[in-house]
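Below you will find the structure I want to go over with you.
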């Protein structure tokens, strides 16, 4: 599962296990199927975003457009869902494809602006994020779009083996992400570009095309996050994607994805998301006062990063 | 003045240095040679305080001492001129010279740049540089920067207690022939001020400059030769543990290539600002060497052929097909043109990828079905090439950054060979490699040539050009100035130098 | 992004969502030219005084409602609503002050202004500038605690603000009532340092003082955010399980998340209260998913702030003759419960009530208290 078998790459998992043991020791309720289901629900949309941005980080770029893309695809999904009758049975499923296509398109546009017009990804994606949020505000008039279809909401309310369906959807796309990373040309080329862009170019890797495809892929995953957010909350609005930028990048880094590219991958993103979600859940479950939670989360993130990233490689990787 | 007695250093089970006895006296220039991995850099790091010896004694002027850190070593008069130049490009010369010592020029919390410039001029004069200390170092030539490195080290004179010991780590690797001569003159003139330890791959240079030469092999000093007695072939045999033919590029193995229409024909091609009206033909099985000074436009020719530079005038015809245009590296790769750039670490290998992934990095679509990569096939190919080129690697899944330079170079060659490239361009393929690895590269070049691949080569030395090339094209200031047919005439380095300059 | 949000939420006291309107940049730009447009009509129906509202921008539902109140007042004078000049400060205190000075200079001091000064320290220079120019001003929201209209003079007519404490207490009492006066409550709060978050929690605590059988199990912040509220609520269920008999939320958006978290667990019928009176929340109250929410009537607040400044200017009343509770007072709030949600929706959301702007303090919720 890892690109390099050394102890550092196992650290994120160890951190996760230590956290689980720690929270369970203080409140045994933490270690229960019901709570794991709660953690999984919280993690599902978040994981999709983290996977998306991991592809970009591995490529050595950064994508900050997720909040806008998630909100906008969630809202587009809701509008399309309502347009096609407001139930999954009446044709609302078309909205699923509409949202995914939109996410992919918006990501590709983001990638195009960055790669073709040569704007640093940091800047272009941040701007695209704001455009996305602004567009969401215009579409919704600042309001909330609700989906009340019980069939669609089964993603949240119907459980198999104790977990809601949306968790299985997220798991499916997690595996798809792993497959893309390990088994496709696109996945390999991301690592090539992240490792040495000039060399990738000199090896005939179509850098421009790969970059745009990577951003499209990220956008696709953001749209999945948007759909899962709607499944989870039954609504979409301009802040549906709020907080995801910081959280997803944090999760990727905590999980062992190096911000300078080419190190880590989808599996690390999963571990990172679980670490962050477990911390958030565990702090409430053990009864930590809310006003110190932000500080504790920040401190734990730093500790996790120190433990889980091989910082000595920074020197020669780039 | 600096003396090592029975110094040893181990990394885990690996003995990096064993019982080293070594000394250098004031006014002396001592050469240190050895293959990659012989322990040269470990020894230097111990001298410079970056590593500590596990056992043994270090003496300075007869007094026992130890260097706890580079800073400590510097304060005791040890200076190092780095191989990878350590100047910060966006800082001025004087800022570089006194980096970390600004306090000495501080007045009311502000830096007195006038005073610093004055002090800089004094230091620069030691190395014979008359240059504005306010200039950014990025604007200087390689050799000028090398001299500033040296000046920076010489500035230790005023700070250290005793006399200086200066380590020169591969100082000539980025210099042209003339610049090397200048550097050597300077070092000779500085003799009275310091003792020098000179480390280089280029044996001829070591023999030229050093009073005494230490030969290091597998962590041990196997020989100590005075200059008068130094014979290159003898030293080489000590380094590698076997006698080596001085003609190690195996000139006699060079076979004439069969006449055929050119694989590649560059016709009056120009790239503005880089080269003008270059014409050359490359045939199947031919090794064509491009010789010229740094910045003469050699690299640009390769890059233009590879689709990285757009041709302003003239044309490049590939495989006799006038309609085939290559405008991107991607297109070049698709049309069986391969390019091995000069900076292996930057442009040659993906350090964080494994051997198999590196080899297939330019032909992924061939290993994919329905968009999914076939790993078994990929590893199979990698194993085959690891065997064919005898790449020393634990497995095809080993990360490339764990391989030695020579083996990395083999991986790069395997990458282009395995795609079936018909034209392969090599830019300094032996740079930074030790003798054994160089030999391997030469025989690979021979092998590719006999397999009918057209090779466009920018050699590291004149000898390489003469030894390997069927034809040599000399480029000067972006123009072709001379052509040599090595099969018909005996070319000497002198011929090439006089054409270049 | 987050400090930006924090800052804005503190002022806005309504919902995090609204902040993001600011991202829809440009919507408000068209309102600017009014400042320097010819104003020949100024001398007429206003009693000689030009009218202006100074605020950040109009791009949120909340501020739209505030400004529409101002416009309603202008229309009540028989003028077109474009007669009210929009001084948009774009979140700049400097611009806020400069625009007000320019407006007064242009009208020779004959100006009646309603204003949110963008940040608290800016209120003093603004009201002093108005006093020095001879104009009249009312402020809402931002003002330092040591600045009082009666210290400045008649030029500083009044200050209007809203407290979350009392309405939040009312909602809590309703919640406790519904729980039958016993059991555990969790409070889902806003960003802990935000004044509205503190006030709304204080309201709950006030109600708990009278109900010893109700236990406040936990207070957890969800940063005004729906997603976070859902996650926090799920975690609270792990910790307290069946002990939770009621949920008190500091705003509507977080209540949505709580409802969904409970839905995921198959829990129905849990009483939940919220705050803000958003349309969706009102629908949820009507549908029985939410027990109550609180509406603060920004339309009236925006109208009365301008009305007070203008009526003081024209001499309809003299501020200094009014008691302090008429100079600094809280705006109204309405508890929306299942009994009156339908009617509330009809009155306030589907239409806008017509107010008598000469009933100056009719909807006041009392003098502002400083802690």
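Letters A, B and C name the chains as they come in the text, with residue numbers starting at 1 for each one.
Heads up, the rule we're going with is that a residue touches a chain if its C-beta (ideal position, glycine included) is under 8 Å from a C-beta of that chain, and two chains touch if they have at least 3 such contacts.
The shown structure was predicted, so the numbers you read here are calculated from the model rather than taken from an experiment.
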{"item": "Chain contact topology (line, ring, star, complete or other)", "value": "line"}
{"item": "Of A-C and A-B, pair with higher C-beta contact tally", "value": "A-C"}
{"item": "Chain occupying the middle, per Cα centroid", "value": "A"}
{"item": "Rounded Å distance between chain B and chain C, as computed from the means of their C-alpha atoms", "value": "71"}
{"item": "Between chain A and chain B, centroid-to-centroid distance (C-alpha), Å", "value": "44"}
{"item": "Distance from the mean Cα position of chain C to that of chain A, given in whole angstrom", "value": "35"}
{"item": "Footprint of chain C on chain A - complex, ascending", "value": "27, 29-30, 32, 34-35, 38, 41-42, 45, 67, 130, 133-134, 136-138, 141-144, 146, 153, 156-157, 164, 229, 232-235, 237-240, 242-243, 245-246, 277, 280-287, 289-291, 293"}
{"item": "Interfacial residue positions of chain C with respect to chain A in the complex", "value": "1-2, 16-18, 20-21, 23-25, 59-61, 189, 192, 218-221, 223, 225-228, 230-232, 234-239, 241, 253, 256-257, 260, 263-266, 278-280"}
{"item": "Complex contact set, residues of chain B against chain A", "value": "306, 308, 329-330, 332-334, 339, 341, 345-353, 357, 361-365, 368, 371-373, 375, 399, 401, 415"}
{"item": "Contact footprint of chain B on chain A as seen in their complex", "value": "3-4, 179, 182-185, 187-189, 191-192, 195-196, 198-206, 262-263, 316-317"}
